[in-house]
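Sending over a structure as structure tokens; questions will come in a sec.
Chains: A, B, C and D, in written order; residue numbering restarts at 1 for each.
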Amino acid sequence: MSNLLGNRYRVQIFGQSHSPMIGAVIEGIPAGVIPDMDFISAFMARRAPGGALSTARRETDAPRIVSGLNDRGETCGAPLCVLIQNADARSWDYDSLRDVPRPGHADYTAAVKFAGHNDIRGGGQFSGRLTAPLCFAGALALQLLKQKGVAIRARVHSIGGIQDARVDLAHPPMDGLCPGPLPCVDPDAARRMAEAVEAARAEGDSVGGVVECFATGLPAGLGEPMFDGVENQIARALFGIPAVRGVEFGLGFAAAALRGSQHNDPFHMANGRVVTAGNNHGGALGGITSGMPLAVRVAFKPTPSIARQQRSVSLSRSEDAPLCIQGRHDPCIVPRAVPVVEAAVACVVLDMIMEV
Amino acid sequence: MSNLLGNRYRVQIFGQSHSPMIGAVIEGIPAGVIPDMDFISAFMARRAPGGALSTARRETDAPRIVSGLNDRGETCGAPLCVLIQNADARSWDYDSLRDVPRPGHADYTAAVKFAGHNDIRGGGQFSGRLTAPLCFAGALALQLLKQKGVAIRARVHSIGGIQDARVDLAHPPMDGLCPGPLPCVDPDAARRMAEAVEAARAEGDSVGGVVECFATGLPAGLGEPMFDGVENQIARALFGIPAVRGVEFGLGFAAAALRGSQHNDPFHMANGRVVTAGNNHGGALGGITSGMPLAVRVAFKPTPSIARQQRSVSLSRSEDAPLCIQGRHDPCIVPRAVPVVEAAVACVVLDMIMEV
Amino acid sequence: MSNLLGNRYRVQIFGQSHSPMIGAVIEGIPAGVIPDMDFISAFMARRAPGGALSTARRETDAPRIVSGLNDRGETCGAPLCVLIQNADARSWDYDSLRDVPRPGHADYTAAVKFAGHNDIRGGGQFSGRLTAPLCFAGALALQLLKQKGVAIRARVHSIGGIQDARVDLAHPPMDGLCPGPLPCVDPDAARRMAEAVEAARAEGDSVGGVVECFATGLPAGLGEPMFDGVENQIARALFGIPAVRGVEFGLGFAAAALRGSQHNDPFHMANGRVVTAGNNHGGALGGITSGMPLAVRVAFKPTPSIARQQRSVSLSRSEDAPLCIQGRHDPCIVPRAVPVVEAAVACVVLDMIMEV
Amino acid sequence: MSNLLGNRYRVQIFGQSHSPMIGAVIEGIPAGVIPDMDFISAFMARRAPGGALSTARRETDAPRIVSGLNDRGETCGAPLCVLIQNADARSWDYDSLRDVPRPGHADYTAAVKFAGHNDIRGGGQFSGRLTAPLCFAGALALQLLKQKGVAIRARVHSIGGIQDARVDLAHPPMDGLCPGPLPCVDPDAARRMAEAVEAARAEGDSVGGVVECFATGLPAGLGEPMFDGVENQIARALFGIPAVRGVEFGLGFAAAALRGSQHNDPFHMANGRVVTAGNNHGGALGGITSGMPLAVRVAFKPTPSIARQQRSVSLSRSEDAPLCIQGRHDPCIVPRAVPVVEAAVACVVLDMIMEV
């Protein structure tokens, strides 16, 4: 453990890629809320496989709420449990999978940690499939946040080095992103990214990318320094998404190359509110929201499952061994990661609002 | 709150820049340990101001342990409390500070959060001074980790865009870094960084940078997915250091531009152990240590306190107002941040080891 | 919230009396364990209704594990989710229930807390039915504890003032209790207790009692003072069982009437071990286990649901109103509470052992 | 660990009987509060030794706040650290203490837990002295609670079997208790209790007792079932006080002997509010406050330190050994425990109010 996220809006995730079910138990939802299942299902569909750029695996992601609602369908103060059925696991040669760990996957580290008892089927608890219940929790959080005037939206910032257009972090693109699996400001960039994904797929390879997420409408004053500030909590949540390798806020690593006179965002008054002209700080100062849009970027590594033969080891024979991964895999996880990033940020933002 | 870090090696930090004392209460230290005060003091001295590149402010950082030791000076199982005296606060015009928030600081966000009751003196609880007790906790953790064969070492990766030489993440430079305030692989890079810092200072400005930290000797199998994995916990800790804007592991954001065939680290056997040739994964797969060196990079923004006049607002008059920050400030926080990053990583690594 | 118990063996309970399902998510189970479903089911059957002294309501308590096991049926390190189906809720006049709170129940307090959105059906989340997943978690803990030589056993100490025979707390009756719904040392006491329960039932009334639980085989040294000691943690768990009004260890409240010279348990050596002759301290000194049997007593109030007409109020009309509770209810919860107490103690004891 | 109490008003206690200092770090205090040091000191004085019925040991309990206040003496949102100096430890033969554990104390269990490194001086971290910082935290909580209309008051319920007069739990005696070290409703009972204490002291013995605590002015709806309900949290806190052996709410263990028709408190309307005539439930139903006074009783064992020779063992020689405890000790801890119980309840009640 721990598959537990949050203090006030607390999400306990469970399941493995091929366990009978996956799901989440959520505590802390205010009483009296009727979950908007249409909204939640539409949100979860954005994460589901089957899109133009993803794997052909079919998932049955229809979420079923089995506790936490009263006879009128309202949240009642009790923990809400949501279940998602897994399709039946295919017959498979698990022993060979268990013996030869896939590079870039958790097969080896999990085998060490759990003394060989880890669930090897489909990546077990390390599967991206576990982001489905996170998306449920995030979608429910978004429903609650909307009532508070908070919006959360992510875009594909780059794939394989191909970047979307730059945006003004003080006025992020909360709508108007191009439709399809690669929400970008610049449709042409989205097109070239799609080509890069297809090229990788055609070569039996994969490619990584960066997702950028914005939250607007946040009040100033959220976050609990020094270890439960905005950045700490969001980073902790985002690193729970498989394949994340880096998290940065505002200008992030680019800030390290600047002068203070360039990076500092001067305050000024606008319509009776204290604002900053730019938003290099990404909406958080000292771990506390400033009231400016929150801006966070998340780096995803290329999907480790590739069709090409790779070098690995046989754990049983303690010798080098080649590995060919079967099955169909996403050549790029980024399109499906966009709503997952939104969900993780939504859970944390709601938690912080409820903390105040 | 919360100024609490860790589950098993748990550190509660307290204090403000000008409160009578700052310090920490540490629970979970194994009984029977005699803190090596020489080692701890030497470690803390690396963070203390007064170096060639830092502010002239004198701090009295001698840590005093006031609980947690038995009559033989050994840890006894009770919480260890360490105190560090603050020098007397200078007389100062706090009301003007309170009225005109410094750009890039927490003055404004803290004023909102705490309804104007935040401690404005010297940055209050948001001051970098609060990293002194974190360094104490980290140094004590390093003492314990050394017995387990774990070493932790950070270098300056870049300042103001000037980069140190590239290193092999599979064989990180745990010693042999150049001496002085800017530990680098390449002394020439360190020299040019120092010039950049001096140039910034001369122009009444500041400059940011990146610290890279390595941990070797870690067993495979540490970390608790999905939200208490290696990256989650280390990121949460590192974002508790003032001025951190980004955290990345292994290749980090650079991984997002690669193909899977480039990024995956193949496994092979070496001396009977499973290892990887490269270390693009930075020592963590699926949130669990692989046994390869842990590699994390941390982006620091340029110090927001600069001598130049800046634009801000008067909170009392709700109008724009110029601001000139008095006092002497570090033109670059990176040199002093190097041991702080080591300390944060040490606390988390020890916690993870004790969790297993 | 919080329906979360434990630090290392962590149990998240969810559900309401008439939600589609109830269950638990358990984190921290060692990998490689095959749950003994026969043992677990037999344990849970002791709590199930239908016994000679309990309600006639039928429950379908067959637990189904839907996550946390690998393809060989072993725990795999992922959270284990267990589901228990609820029978379909009867049609019922919930509005009248909602309006007139039952004395001694949580109807009124939950209505205030959850602004009328609480699940009123069958007591909602406050129902004794929620102890079924706790029994699952406890039975699994007992399976693990057995391997460590730890045994846990409870008896009925008293019902309606009728007491079982006194026992030596240093040599508690771990077996040999009389069979049937009222495990006692003295079968005659059990018989008289049963008569008291039947008499209460016959008069449309209910009766309370005390359960006493013992744990043997505990190593000395468990427990984390001052707020996570043996007593703190066990008491916190036991007060989570509906109808519990008091918890005491060793001699408990009777100790308050004694002299120190009577109450202190002298140490002596026996077979090379440090033991005490008596066990007034109930196995815990300073919040830490002594190696002597743990002894805890738990007071249960009489079931608040009684057939007799009672006085209450109409919340909608803000006036006094009579109340007649329909349905069949246990005239005494104590027989079914015996395994629940064992389960709660088992969860905490396993947690403490894993903490060390 | 853990010496940490609370979620929202979070108290970290540290220190040992003879460490240089003891104290607490408190997070979660609202910003802008000026601690009423006169009130706090007066409260702490009730716990201090030196009263007619207690030990002659002098303590210097003056609390010093060293962090958490701004330049105007208000809480500023940062953790508040309070320090209390310990008098210098007397020279003492600690080795013999370490070898022969005192019956009824934590000497033996702590030696096992901490492998002989526990602080043996004056009971180390298990000393009643650690309740001084708890009293500070409780007094500060009482200051905050008073503004919310909440009052907390404890009385001596019994000592050595001598009981104070019965009270109506629905109308508890929040004032009018007799002055002096034994606050009782019946001055004559207090006098006889004092005689019992003196008789025990004269015979080199000690005696136990029960403290009863009430809280009035609580809103209905506090408490978080099932494991953070009112009773769970208060019991967890109270069992952190040395020598506590039992905790019960409302009628407590006496409820177990009653019929439901006797025990249930009927609801009725009074002045537009829902109330109960009696208060057998002690202010909590289903783990949630009902708005009626909270009533909790706490059993204290007789002080284990008695002047009479006792039997024990030599840990080094693994043989039985007699023991004579030197020094002066309270013949009854109950008088000094009265404010400690109030403090523990106050911390929890404030925490629960802040949780809502």
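Worth pointing out:
Quick note on the criterion: a residue touches a chain if its C-beta (ideal position, glycine included) is under 8 Å from a C-beta of that chain, and two chains touch if they have at least 3 such contacts.
On a predicted model such as this, the values are computed, not experimentally measured, just so you know.
Under the contact definition stated at the top, no chain borders both chain B and chain D. Farthest chain from chain A (centres taken as the mean of C-alpha atoms): D. Look at where the CA atoms of chain A average out and do the same for chain C: the two points lie 39 Å apart.
As a whole-number value, the distance joining the C-alpha centres of chain A and chain D reads 46 Å.
Annotation: 26 Å between the Cα-based centres of chain A and chain B.
Counting partner chains per residue, chain C has residues 1-4, 13, 110, 113, 125 touching two or more of them. By the document's touch criterion, interfaces exist between A-B, A-C, B-D, C-D. Residue ranges of chain D in contact with chain B, taken from their complex: 1-4, 10, 12-16, 18-23, 25, 27-28, 31-32, 64, 66-71, 74-81, 83, 89, 94, 110, 113-121, 124-125.
Interface of chain A with chain B (complex): residues 1-5, 13, 101, 103-106, 108-110, 112-113, 125-126, 130, 158-161, 200, 205-210, 220-229, 231-233, 235-237, 239-240, 242, 244-253, 255-269, 272, 274, 276, 281-282, 284-291, 297, 299-306, 308, 310-313, 315, 318-320.
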